[in-house]
Every structure is written in C-alpha cells, then in structure tokens.
Amino acid sequence: MMDKNKKILISISLVVGLFALLFILEQVMPSSSMLFVVLKKGAIFALVAVSMNLLNGFTGLFSLGQAGFMLIGAYTYAILTIPMADRAAVYQYFDGGIIGFTLSVPIALILAGIIAAIFAFLIGFPVLRLKSDYLAIATLGFAEIIRAFFQWDVLGPITNSSNLLRKFPTFSTVLYPFAVAGICIFVIVLLINSSYGRVFKAIRDDEIAAEAMGINLAKQKQLAFITSSFFAGVGGGLLAMYQSSIQASAFKASMTYEILLIVVIGGVGSITGSVLSSFLFIASSEWWLRFLDAETYIGSFHVPLMRSGFRKVVFSIIIMIVVLFYRKGIMGTKEFSIEGIGRFFRRLFAKKKEAQ
Amino acid sequence: MTQNILTVENLSMQFGGVLAVNNLSLNVNQGEIVALIGPNGAGKTTAFNCITGVYEPTNGCVSFLGEMMISNHPKGKMKKLYAGENKDLYKKVISHTPDKITKLGIARTFQNIRLFKSLSVFENVLVAKHLRAQQTVFSATFRLNHLEEKRAREESLDLLEEQGLLAVKDTLATSLPYGLQRRLEISRALATNPTLLLLDEPAAGMNPQETQELAEFIVQIKNKYNVTILMIEHHMDLVMKISDRIYVLDFGKLIAEGTPSEIQNNIHVIDAYLGVVEGA
Amino acid sequence: STQKAESNVITIGVFEPSSGDNGAGGKQEVLGIEYAHSKVNTVEIDGKTYTIKLEIVDNESSTDKAPTAAQTLVSAKSSVVLGSYGSGVSIAASDVFKNANIPVIGVSCTNPQVTEGNTHYFRVCYLDPFQGTVLANFAVDQYGAKTAYILTKMGDDYSVGLGKYFKQAFEELGGTVIEETFQEGNSDFTAFLANAVKSEAGVIFAPTSTEAASLIIGQASSQGITIPLLAGDTWDSSVILDAASGSNLSVAVSTFFDEGDNSTSGAEFVSGFKAWLNSDNTKLANNGGNDIVAAVSALGYDAYMVAIEAIKAAGSADSVKINESLWNINYLGVTGNIAFDQTGDAIRDVAYIKSVNTSEKAWQFEAIQSIK
Amino acid sequence: MLKVNDLKVNYGGIEAVKGVSFEVPEKSIVTLIGANGAGKSTILRSISGLVKPRSGKIVFLGEEILGLGTEAIIPKGITLVPEGRKIFQDLSVYENLKIGAYLRKDDLTDDINMVYDLFPRLKERSWQMGGTLSGGEQQMLAVGRALMSRPKLLMMDEPSLGLAPLIVRDIFAIIREINKQGVTILLIEQNANMALHVADIGYVMETGRITLSGNGKELMANDAVKAAYLGT
Amino acid sequence: MDFFKENLPYIMAGISVGGQYALIAIGYTMVYGILRLINFAHGEIFMASGFMMVYLSAVLPWYIAIPTVIVSTVLLGFIVERVAYKPLRTAPRMSIMISAIGISYLIQNVAWYVTSGLAKQYPVIPWISNTVTIGNSTTKMVTLATPFLTLFLVSVLVVLIKYTKIGMAMRAVSRDFETSQLMGIKINSVISATFIIGSFLAAVGSVLYFSNYTTVTPISGAMPGLKAFVAAVFGGIGSIPGAVLGAFIIGISENIIKGLGWTAFSDAFTFALLIIILVAKPTGLFGEKSTDKV
C-alpha cells in the first residue's frame, strides 16, 4: 500500500500532466486534425458511458434510457443559451420562440443535468420496481416518449419542434470537455467508492439480501437512477456544444446501444474501462476506419470490397470479435490504478535487478 | 418474567389454494433461543418471511418490542379463499418493508445462503452497517463522513475478528467454504445490531461435527451480542441441545409447544415429525 | 512522385450521404460529381497544372454524424466542399466549414436556412419557398385541388420546410390544408393514406425521402388511392418509377432538370453520363440499377463545374480566395445558368414538373412551371 | 462398474481434487464423506461431465467417459441428484417427474405412481410449480425425478439436506430399497452416521484427497472418523 | 357502429399488422424464454428474409422462391445462434446482449453494403398481393389472410410447447442449462430448435409484411422488430399467447391513434401503453411472476 498523501500527489500531477499535454498538442498540431475530434467526442462519451455504468454495472439496474436523458440535457442547454439575436433565425417557424432570456454556459450545463435528473425522478417512480429486461424496455420506451414529446409541435416555441437547434455557444478547445467530463467522472468515482457505492453493489448482487440488511431498495435505486441521469444530462449538454447543432431525432435507441457497447467493451463495472473504450470506440468509428469507405487503388490495382458502407461492416465485425473473445471487456471489473502502475514498475525493476 | 420481544398472533399465509401458515401464534422472550421445527413444507420459512416483511400475511399480526409491526386481514379474493375463524380481526393494516423491519431490530439469515457474491467478506459486513449510519449521499461522496465510515470499518473488523473471519476478510464471499459462508451470513446479520436474530436452517449441509461447533457458536453469539434467537432447524441434536423452547408446526398449524424434553416425548410430534425417538 | 503531387493537388471535398435515409439520393449526387471529375480533373493556374482530387465522406444522412464527417473533410485540407443532399445535414455541418474558412457549394439542399446568415455556403439549386409555391400552383392548376393533404417527416428540415412553404402558397391560393407527420422508421402509411381519403383531399403532397416514398406509393396503390400524389425534387428518382409502375396512381414531382430537355449542354450531358454509368456495374448499381438520369446528378455535375470555375477565378487553391471568387461566378450549366445572389443562392425562376408513366415505367414531362 | 483413477480437477487456480482413485462395484452402495469443501461434489460433477477434469481416468462399464459431454454420459445410465436440488422452477411437480425420464420412451405411469407412493406430499402437490415448493419438498422431488430415469448408477449429492428427521430415515430406506432392485448407488452425505450405515464401501475425503476407505462398519468404528464426522 | 364503419380501414390495417408483429414477436418471446436474451438480431433476420425474397424472386418463380427463402432464413437464424450466442453460453448476460446488438448491426450493415442502401421493391406474389374491396375500403388479400394464418400457426406452436416432449424440454432449458443436461436433454439442439421455429415464423411474417408494404430497406426490420418486441413484453415475455395478444393490441391501437390524427405520437403511444401495463403488472399481461422462493 502506498501512503495516502503520496497517492493524492501522484494523481494530481498526472492530471496536471494530462492537461499540459493536451494544451501542448493543441498548440503544435493543426486544429483540423481528427485527433481532436476523437478527444472531444471521446471525453463526452466517456462521461455518458461512466454514468451508464453506474447504473447498469454497479447497481445492476438495466436501463436503456440514456439517450433520452442526454436529449433532455442537450435541449436544456441549447434552449437556454442561444443568444437572443439568433433566436429568430433558429426558431424560424415559431417567431423566435418564447424564451426571453439567455443563460451563461456553466449554469446552463448544470441545469441540463438537473432537468434530466428531475425527469429521472418522475420516471423512476413507476419503473424502478420493474426487474431486469422489463426495466430495460420501459426505460427505452420512456426515452422514445421523451423524444416524441420534445418534437411535439405544440412545444415548438420552446423546443423548435423537430427542427434543428443551433447557434448556441460551443467550445473550441479540447480542454473544455476534458475538464467538465473529468470533474463529473471524478465525482462518480467518489460516489462509487463511498458507502453508497457499496450499497449499490449489494443491490446488484442480491436484492432480497440487501433489503434484509436494512437497505431501502426504492430509495437507493432512485438515487442511482437520478445521479446517473444527472450526468447523462450534463453529457448531453456537452454533446450539443460539440456538435454545434442538435435535433431530437439523433437521440435514438441506437445512441443508447452505442453507449452500452462502450460500457461492455470497456468492462461492465470498470470506470477506467468505460473511459478507455470510449476513446477507442470513437477513434475507430470516426477516424481510423474511414479509409475503408473510399474506393482505393494501389497503383492500378482496385482494392476489392472497399467502397462506401464497408467501414461499418468491418466495424461491426470488430465489435463481434471483441465481444466473443474478450467477454469481460478490456478491463473486466478491474480498474486502472496508480497502485497498479506502481506495482507494474516495481516488478519491472525487480526483474531488472535480478538480471543484473 | 422476562421481557417479551416478539409476538405473533393468528398469523396466516395463503398461496393460491395452499394455506402455508395457518393461524400461527407464538412469542419469543428476551434472551431465549427458540426453535421452530416441523416437517418439510410445514410453513416455517413462510412464517419467517411474514415476520421479516418479505410476504404480506393474509391475516394476523406481529408485534415487536411491544409495538405492532405487521397486521393484516384478508381482502378481495383472499377473503373467499381464507376461511380462518379470525378473518375479521386485525382490521388495521400495517405492513413494513423488510428494510424497515431490519431497522427496527430483526435480522435474518436465509435457507439458501444469500451473500453479496461480488463483495469481499469485509464488504459484506460493511454493507450491513449502512443502515445505522447518519449520512447523506452528499456527505458520503465528498467524504464529509469519514469519521463515521472509520467507525463502521472498525466495528466490522472487530466483528470479523470475534467470528474468526478476519483471516479471510478480503476474499470474495462466495469462494468461502460452505460452513464459513453460513458463519459469514450470521455475522452479517449481527452487524445490523439486531435485537432478534432469525436463523433459517443454519446447520443445513453441515456434518455432525460441524453442527456441534455451530451449536456452541450460536450460544456464544447469543450471550456476547445480547440477541434473542429464533431458529428453524431439522438437526434435532442441535435443537434439543440449545433451545429453551420449541414450537412445532405441521401443515401450517402449531401442533405443539414446550421445552425440548416435552417436545421429544410429545406423541403428535413424534408422529408427524420425529418418527421414533431419536436415539444415540 | 508523391512529394510533387502534394503541391500539385487541389482537394475538393464531397459531403454527401451514402447511408441512412438519403443514401440513395446522395449516391446519385456523388455520381454526377464523379462524372464531372472524370471530365475535368485538372486546372491550370498561372501556367501550372493542378490535379483535382475528390475526398468523399459519408455524412450518414444524420445531423449528429454530420459535424464529424465534415471535420474529416477539413482535416483532409479540402479547398472547397460540395454537398449535401438533404438540408438538415448541411445546416448541421455548416459551422464546421465556417470555422475552417472553407466555402461549400450546396447541391440539392433546398431549405433557406442553409445559406441564410452566412457567407460561406452557396447552392446551385432553387429554394423550397420557390419549389413549394411552384408545386402549390401546379396542384391548383393541374388538379384543381381545393384541399391538400400534406405528409412530412418529423425532424427532417427538408420535408418539414417544403411542407410549410407548400402550405403557405396553397392557402394563399385559397385552398385548405391537412397536415400530418410521421416518424423516422415508420413503414406503415396505411393509416395516413386513409386519413387523406377521409379528408377528401384533392392532392397528397408528400415531400419525403425516396425510401418513405416507395412505401407510400406501394401502399397507396394497394389501397386503391385515386388522389394524385405530388412531391418535390427528392422523388425524382428511379426508385419512384419502380414503385409506381404497374399501378393506377398519378404521381408528379418538381425537379431541377429533365432528361428530355434538349438545350445543347443538357443533351450532351445526358448521353455522356449514360455512357459513363453503363461502363461500370458499381456505378449503375449506385444509380439504382438503371441509367435514368436523376436531376441531382445533373446538379452535382454543375456544382463541381462551378467549383472548378471558382478555383480558376481565384487563381489559387486557397479556400478563402475561392470563397470570394464564388460571388462572381456566372456559369452556364446543364441545369441552366448559375449565378449567386447576395445570400449565396443560385438565381433560378423555373422548375420542371414530371409525372410517372406507370405503364411504361418512365418519366413524362408535364410542364415548366414558374410562379405567377 | 465405475472406476475413477487419479482424478485431478482445478477451478481456475484452485486445486479442488488432487488425484483421487476409487471404485464403485456393481449393485453396491458407495459413500463419500468428508468436510465441507473437500471436493466431493466436484467428483460427482466430473463423472457426469459437468466439469472438465484436468487429468485422470473415469471408466464406466468398461468405457472411458472422461472427456465426454454430459449429453453423452447421461444416456449411458448415470443419473445425478445435484447438490442444492436444482428442480425446474417453472415446471409443475408432475412435469418435473416426467422430464426426469426424458430419455425413456416407454410408459411412465408405474414409475410416477411409485414416486408418489414414496413421497405422498408430491402427489398432493402434483400441479404446483416446482419453484414454490418448500425446501424439503424440492429435495423429495429431486430424488423422485432421479428415480424416474431408471439409472444403472445413481449418484446423490446430499439427498437428506434440509429434510425432516422422519423423511431422512425414509430416504435412506429408499436408497436401500432401490439398491436391492439392482441400482448401483454413489452417495455423498453430511449425515455420515446414516450414510455409513447403509454403505457397503465408504471413502473419507479431506481437502481433495481420499484419506481413508473401508466398508461402512469399519469406518464407523474408526476413531478418527468418529471424532471428525460423527460428532461423538 | 358508426365508429366501426368509419374506422374500418384502420382496424383492418391494425389486425393485419398485428398479425405480422405477432409472428415476429413469437421469435422474441421464445428465445427470451429460453436464453433470457433479447435477440436484437431477430428484426434483422426478418429484414434479411425480405431481401432474400427480392433477390431470389428475380431468378426463381415465386412458388420456388418462397420455400427457398424460408429455408434460408431458418438457416440464417441457426447460424446467428451458433456464431453469436453459443460461444457465450456461460458468459454474463450483458455480453450476450451486446453480442445480439453487434450481430444485428452486422446484418444491417451487410445489407447496406450489398444493396448500396437502396430501397428494393418486394416482388408481387399472386393471390396474396391482389387487392380486394370490403365495404368502402380497398386493401390487399394479405391483410385479410394474415390474422387467420397467424392464429393457425400460433395454435400449432402452443400445442407443440405445452404438450410435446420438446416443448417441455424447452421450458426446462429456459431455467437451468446444467440440470437440463443432467436429464439427458441436448440443450444445443433445443436452443437451435427454438431459433429455427422463431426464424421460420419471421420468414412467414416477412412474406406477409413485405407483400403488404412492398419495399425492403436495410432498416426495414428495426421498427417492426422493436414493435414486436414491445408486444412480447406487453403480453408477458416468455408467453406465446401473451405475445400474440400484445401484437394485436399494439397493431390495432397504433393504427387507430394514427386515424385519430395523433400520428406523431403513435410510437410514443405504443410505449406509453407498454409502460402503463408494466406498472400495473410488472411482468406483462400473461407473464408469470418470478417464482424465486426466498
């Protein structure tokens, strides 16, 4: 065991180091590099995946409502931050909408989380009693209902009906999503390592035994659900900032499935796994595999198979391979920890010494 | 007269056409070890489930430490099915959830062991400490409660040490051998600081030697933690050796009550349950 | 040789859907662009020959995938970008190009919002307010419709927008309108069609993707619908011919271009493009398995040529300079003369209306319609 | 009938069975006793193919069955009453019995009646879903279900677990009875007293090894066995 | 009566689509019943079956094409099970679920790739594609035939599961692989049989469905798949009569909702209905309460 202060010190220096690295990267690399796309989007999906993991992995509540809560967050953020001057253009079919004020970005982001949490509170009431797949399909259903609700014509003056929302403030530096997502993930980690995290795991393992230990199931599940939704909402807000325009139709069940894929590939019950797999997932789907879509000639040789659509075929095959051969995901339930690295290096040194 | 802890009156539990518990009344006093025995399917586990709030009984009431904790009378379809003579008693409907009942001071173990399988032995016990803690998510997340957490940890460690589980505190609960799993389940129940401890077949799957050790263990925890014990058991050596009083159930009904020696010689009990008197 | 090529290459980005709802149309647009590229793949600037390289990316017809797709074009150092089929994705990706100072020439994105309020987005097609009005006029002139049933797809800027403009124009002409929307993924249109019949509509206006279109047509035919179906440019596709052939339906669309048009450049384009398509099975498959020329292919062709003109006029591969030169383009394309107004929209005043000849599975020219 | 030779089984890194050899002669009752976690269940699971041993030999009726899948072993005439009952929760009592005879094609009425005679409680509850039976009732059903398959070798993993004293005695009587009908029995019991009483041969296991063997009477007289397992 | 007359086209469309959902829903419910797995690929198998018909009928007469399509669909279902699920028998449920999502992406993406994403016209099949007029509404023969065919197939299936040995084996396997093996049940065969039956019904459903809706695209399976799954949950997942009832209720009510002009909410309504049912009966209409005894 490392002593606690030392551990904290190392953590802080790692974080500072990471941000310094990102800062330098932004200075030296062209801003159009796909690396930054991956870093920005990866950070956002890392947050959303971790929030889903809190629910599905740690509390054993199989929820598929993530996209719905992201939608709420994204819309809350967007609606509240579009500058007054641009509202007429955005709400072109609704005479500029009826929201007569604009909030600052941090406040809107927090509200994005809070509104999502409020929805979660209301939804959680009836559905959290449901078990496993029934819960999954009910939350999925709620996400679909939320989507239809936000597209409703009558709400047009607020939500712009089914049309795009845009012209709200965005971020240009990769440091921003890293900082926000980083803080949020840190809080989630603190929660999971607290006595509440233990209770969540107990509920996951055996509800009846947990109840017999004096744990109020309804309350604790609600708590996990609300917390997870809060962070999904913040993630939605960040996603809006990244995309610079949003539309309810994007927040479909397939988005939830994508997040679930990230969680499972990272390892259900591993935070660092979720984070790691988020970046890998985004990088391969948005960047590394793009070349497969282009018809390619090597000299005059027409590379077979490669044409539009091939990227997705390959990507799904990769997913299948990962799922079939790394059943527990990249990290299993383990975490990537400073102590782990420490142990790794100490072993390395020990070996070297032996060699000498 | 010792203080009365648990009183069950006219408790009935019906599943479809099966009257699993039929007008059961019993009471348990402070500091006793009381055994509940009876043939398979007599309704013993069901009675436990009613007392701990897992099931809502069809009829009857349960009070704990002098306070009414569960009370129900048949409603709707049950009314027609349930024809017990007490069906109009207990108008007041009180039903607590299991967690509430545990908070009041009743802890239990299960007939089929139910441990938190991905948690270590230590964590299994720590979870049980949660209910007595004064904290909110906020204070817990941001470590504003570290003193309390520290205390919970210390108490749990003490408990594990006393139960002889300290050596395995970091192993996964489910990789323990069977006997230790039983022991852990009891320790975990004790960690909720109960007044009354319900044990459902604690000696199942143990050989006679282990059963003997278990008997000593139960007496020991009773004295040390000042708990009262109500247990279901089929091992007669154990039951006869340590219980103060015994209730015998058959087909959901109480057929006998008394001290071990009375029960051993009760003709109904022998007929329904024991067979010939247990020799050697 | 790669080093030399490096400095001699100008990249034109192609931002089009090849999957998702608009995948079929996007592919046809890309075909037009590729055909143009096959004809002109170099430019002379200051006596130096530059090779044009196409960088094609799939925006998946989805507004949330669009910004990232656009970013790949930016990072591939495109000097100018063409696209997209579908207004929503164009609007969604607009800022990405704007931040990189890259001009974009929209091909068939007809929603006003694409070019409004910015100086980097242009387009070679007409706009939905125009198209909607044209179609409303046609509905009244041709069918004598008093009531119109409008069916649009929720969340699709093109569909919703065109529906709105049609509605405005139709109501101004004294008609009444019933509006309904369907959600993505919906494949059961029977209830909608029954509603149209119930409302005694004189025309069904359904500006949708071809995918929904073929479902609507198929189900209308099996329900024995006799109300004429009318739609915008998206329906100008062989998919519609396939779906409607053999039925008793009356289907008409407005479009940018007509294959049978015999203005010189048009005819030349049609024969050249057909030959090019027929030379390669993949291309033929991407065109929907036949060699019928879609209007969006012609527009794609023109957009590419406009880009070349702009590069020449700018005398540079620098995107900012190209952006400036675009304002002064005046180019006679296969779809007519192309010059941009102060919002960046091509100045156009006519639309073609075609209808389906269901027995011969072919387009039939109806009218050149302008606004009264 | 059954010969196990130098059987070794690992669970991950844990060596649960460390080289065990024993024999079950035709028409005999053989019992394995030993403390919790000694590896008794693991042996039965290996024989029935549910776990894959690391090494060793298992010969049944002269045929090597180690390495075969459960699906191939069961039809050879081996039946296991698994530890922890494992009855089918969503099947009725009657169906549970019927499925016990899944591989048989002949008439089952007699056999079902025989089981009902052995356990009248089951007859009363023939319509009830297996999952809602009490612990003991489930145990009876598990034994009854195994009898339905008319095995050559019947392996029972703690059949008396959780049963009332009267029924425990009945179970042992039944074991004797079916043994008389020609079924060979391999029995695991915590109730060593009873088990050794009925057994022709007993083996005592400790942490993955057989430490003692002999006929039932001998073992009961053995001081070490007495101290460790009989509790006297 | 007036209501009925006015809404006849919607009700008819609802019954027909309900029947088609039912045939798909059974596949979900059976697989779920046995593997506790939401077989996300089921909708895709249905879609693939549609494409097979498109391509095969181009070269074969319809009366040979249909049986060939059914056989190939069954084969596809079988292969999906062997490739994506069998290797994961002992894996945690979440992995199997992801495998299901993965394989459904794969089928969908392959379909995109092969068809270039273009919508294909479904071939016209004699008789069932003919139009008929009932009262004041015109529809296809398939609309009328679907409910009868569905009910017939379902009755056969219910008998199979309730009263045959393989049916009993299916129910046994659904709870406990290991013990089923101990009974001598070949669990892989039983699971394969389940997928075969499910895929067979999906193939029949696809013929009916696409004859009605005439266009196949790579995402054609997604929405009917989801609806059918909702129907299965609605009726109590694992219960075949429940799935059928749920499918009809959903088919009819979504069409009536559309008829009332609440079109934008027809999908949302389906889910709302589902949630209401689940809140009232947490395991669906006919779902058995979980019988885990404490």
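Every chain is named by a letter (A, B, C, D and E) in the order it is written, and numbering of its residues begins at 1.
Here is the rule we go by: a contact is a pair of C-beta atoms (placed from the backbone, for glycine too) under 8 Å apart; a residue touches a chain by one contact, two chains touch by 3 or more.
Bear in mind the structure is a predicted one, so any value in this text is a computation, not a measurement.
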- In how few steps can one go from subunit A to subunit E if every step must land on a touching chain? 1
- Task: Averaging each chain's C-alpha atoms to get its centre, pick out the one most distant from subunit B.
- Result: C
- Note on the structure: subunit D and subunit E have mean C-alpha positions lying a whole-number Å distance apart equal to 43
- Query: Using CA atom averages as chain centres, what separation in Å is found between subunit C and subunit E?
  - Reply: 37
- Can you check how far apart subunit C and subunit D are, centre to centre, with Cα atoms defining each centre and the answer in Å? 75
- Distance between chain centroids, defined by C-alpha means - subunit B, subunit C (Å): 74
- Message: If I count partner chains per residue in subunit E, which residues reach a count of at least 2?
- Response: 112, 116-117, 264, 267, 294
- Task: Give me the residues of subunit C that touch two or more other chains.
- Result: 18-19, 27, 154, 181, 183
- Hey, what residues on subunit B touch two or more of the other chains? 45, 54, 110-111
- How about subunit A: which of its residues touch subunit C in the complex? 30, 32-34, 37, 41, 89, 92-93, 148, 151, 161-164, 166, 170, 172, 242-250, 252, 255, 286-287, 290, 293-294, 307-309, 312
- subunit B residues within the subunit D interface of the complex: 15, 18, 38-43, 45-46, 111-112, 177-179, 201, 204-212, 234, 236-237, 272-275, 278
- Message: Going by the contact rule set out above, which residues of subunit D touch subunit E in the complex?
- Response: 48-50, 69-71, 74-75, 79-80, 82, 86-91, 95, 98-100, 102-103, 129, 131-133, 145, 149
- Query: Considering the complex alone, what residue numbers of subunit D touch subunit B?
  - Reply: 33, 35-37, 84, 121, 128, 132-137, 139-140, 158, 161-169, 190-193, 227-232
- Parts of subunit E lying in touch with subunit D, wherever the complex brings them together: 165, 168-169, 171-172, 174-176, 178-179, 181-187, 288, 291-293
